[in-house]
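Read the structure below first, then the notes.
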Amino acid sequence: MTILEIDNISAGYGSGPNILKGLSLKVEQGKTYCVIGPNGAGKSTLLRAICGLLHPRSGRVTYKGEDISKSRTDEILMKGISFVPQDRSLFPDMTVKENLRMGGYILKDRKELDQRIEKVLTMFPILAERSSQHSKTLSGGEQQMLAIGRTLVLQPEIIMLDEPSLGLAPKITQQIFEMVSFLKESGMTVILVEQNARKGLEYSDWGCVLDLGTNRFEGPADTILNDPRIQELYLGKRRNNGQEGAE
Amino acid sequence: MSDAVIENGKTQTNQALESRKSSQKKIFLLVLLAVLLLFPLTQFVVGGMNYWLHMLLFTFMYIAMASSWNIIGGYAGYTSLGHNVFFAIGGYFTGVLLVYFKISPFLTAPIAGIIALLVGLVVGLISLRTKGSAFIISTIALMMLVKISFDNWDYIGGTNGMSTPLLMLPVEVVKFPFYYYLLAIAIAAVYLSYRVRHSKFGLGLRAISQDETKAEVAGIPTNWYKILAFALSGLFVGVAGGLWGYYLTYLRPNIFLTVLIAAQMVLMSVLGGKGTVAGPIVGAILFIAIDEFFVANLGFTMLNIAATGLLLALVLLFFPRGIVGTLKERGKLPVFLDWD
Amino acid sequence: MTQTLQVLLFGVALGGVYALMASGLTLVFGVMRIVNISHSALMIFAAYIAFFAFQNYSLDPILSIFITMPVMFLMGVAIYKIFFSSIKSTERTGELTVLLTFSLALVLEGVMGYLWTNVYRSANPSYATEAIFFGPFFLPKGQFYATVLSVAIIILLWLFLKYSRIGYAIRATMQNQAAAQVVGVNVERMAMISFGIGIALAGASGSLMSYLFTFYPGKHWEWIAILLSLIVLGGMGSLAGALVGAFLLAIASALVGYHFGPTWSPITFFLALFLILLVRPQGLLGKKMEA
């Protein structure tokens, strides 16, 4: 079932040129989508356009049949779409618990908020351990965990992650992707923007290649992963007999 | 666009057009100069021109100060809100020499300018280590420092200041020396501004004002350029200050060291178009005209202050490129204002 | 020795009041990176309100806080809407806001001067001239009340920021504006509210100022330079920093005034400001303010 539909949108920042130029994408509930593509293609811009940080200049974004193109971020959050920006965007001088509280900022019911925070802490024991530490003292992987945990406070239906593995060591990257799996298993729809295209596609159901502001190719993730053209253009050297090519 | 690019792009017709424009401008300047030089003589023909002489020499002084401020505030993009410090230093320097040593400010004013320049160098060495709003605040701190020091310095009269002797000339001609001197200063200051604008130094300053990091990376000695710009911007303000105390016949910290004068320098440059040669001149003339209108009609200095603030705010919000800047942007700049 | 301690006591007492004055200024910077040059002019405006309330209606200056704070809050919101909500955030924003608040300060000075002239004013409720004794030391009653009140207001402010929902949102905006947006904070509205709170704090300060110091419209330049020195030393955008800076410099200036004469004590602030901007512009606890 299509839960989110992006219909031919164009968008840009300020009075600048369009970064997204007529982009369309259909997102189905419960699936994990990986958006890859070169720098400047508009991947982050797409996510921002969906969650209301940016409004499309033309075209429409529809969520569960409702047009959210002009909605505010807090309205969209309320409806069930959450966003984890690049560089995690945590509040450095707030504790883990306070960060989680901010995650549920739009919830007015204090008790409900406390319950949900507890739930997230149960899900991520490491965060529970560090709950009164300032978030700036956490390691990179822990910060990413907190960023994801923060979105879960709102129990979203769709969760969007912008380059979650950016700047993290390979071992931690593995943990991050396992978290993505966990989100998937919980029934959430995940939209992932990943520079680490190979890894991203491995953990996704569907892949979508963005270039120059539009959706160039899309298809099942493993098809995209194995497609020689895409491999050459976006994934690095071709695989030879199953050997890994250079990234 | 650099002059080099324009040079290479010229065709024969363009060259002819350019040289016609440039001779138009030269004629304009010569006529203007002649009128200004001869104007005081109307005193003998018509009489009672002292008010106009005052307005004109006052305008010359402000043209000099605004054009000078523009070097650091406009070209380099470093807003100085404490520029009246140079004015005060100039005024007190010549004042002390006049009151205690009987030396005429007409002789000592240029030296006052040099002193202001040196002070600018020293202060610049220290305060230009900061950027942006930090720099602006440091100029305010500097101004308050100087004000308190002057307030407490008995040798120069402390808060009461000093009165300077009157120039002993008949009333019809007493303003003449000030008129011509300040005209000369105005011409010198504008000429300095023009030369800076059209030099490699000026180009470097403009680069600094747009993106200092990139300018540094491109090899421009940003520190020295900024300090030099700051010092140069104080030069003629100091000279003007040196004369003004003599003209007013008194010196007081709360005349010379009010923020109002600093604010006016900023306003004139911004209003006229900071970063251009003609901008501060246009701004100075316009500002004084408006100021006179207010004083003449309203007659209260406090509203003067409010009006300066209001005008500055309006210009900043709606008109940030100033008159010359906006006209240039729209391609409607008259030839005689195009000196960049 | 007793003399020095007495001077220190004055310094500490004054520090509390300075901290209140500086808190509004640093809050506004912390949230929006706006250096509000007109803060002290607004303080003086509030002082006039308190003064005239005292003179014409015998309203105790300290009680006038209940008037000045709400009035100044609204004024702050209005100023924000008029001047700042239309400005787009670019690199030159820092300088532009300084110049804008500078022009606002001029307008306020001019209007106040026109309405109320440059005559030195000071309210004189009874406690302004009485003293409280602590053993061999004394403190003017008015000063004592002012310090206690200042500290109380600062504590309330701190509690508000730490525990209320809006307080969370404001702190979030201060720490990471982009992240605050992402979790649904209406950053524009928080900026406006913070500005209002900042000016409300100026209002409270003004009420206290009305009897603690003599004031007139032109005095705001000296005050803003003083306040800037406090928050630059402590660190722009940090409330703790404002406290630290206020107490350190208040004590230092008291000592300077004692040794060199009262007219020299303001110089402590300006010298400190100048020096800190050079050596460590982010102060002891704060963030950089370069545009």
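Every chain is named by a letter (A, B and C) in the order it is written, and numbering of its residues begins at 1.
The rule is simple: a contact is a pair of C-beta atoms (placed from the backbone, for glycine too) under 8 Å apart; a residue touches a chain by one contact, two chains touch by 3 or more.
From a predicted model like this one, the values you see are computed outputs, not experimental measurements.
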Closest chain to the protein's overall Cα mean, using per-chain Cα means, please. C
Most remote chain w.r.t. Subunit A, using mean C-alpha positions, is B
The distance between the C-alpha centres of subunit A and subunit C, rounded to whole Å, is 43
From the mean C-alpha coordinate of subunit B to that of subunit C, what's the distance rounded to whole Å? 34
Between subunit B and subunit A, distance of the C-alpha-averaged centres to the nearest whole Å: 56
Considering the complex alone, what residue numbers of subunit C touch subunit B? 35, 37, 83, 86, 94-100, 102-114, 117-118, 217-218, 221-222, 224-225, 228-229, 232, 263-264, 266-267, 270-271, 273-274, 277-278, 281, 289-291
Sites on subunit B touched by subunit C in the complex: 79, 81, 126-127, 129-134, 136-138, 140-142, 144-145, 148-149, 151-152, 258-260, 263, 266, 270, 300-310, 312-313, 316-317, 320
Using the touch definition up top, name the residues of subunit C that touch subunit A in the complex. 88, 165, 168-169, 171-172, 175-176, 178-186
Contacting residues of subunit A [partner subunit C, same complex]: 14, 51, 53, 72-74, 77-78, 83-85, 89-94, 98, 101-103, 105-106, 150
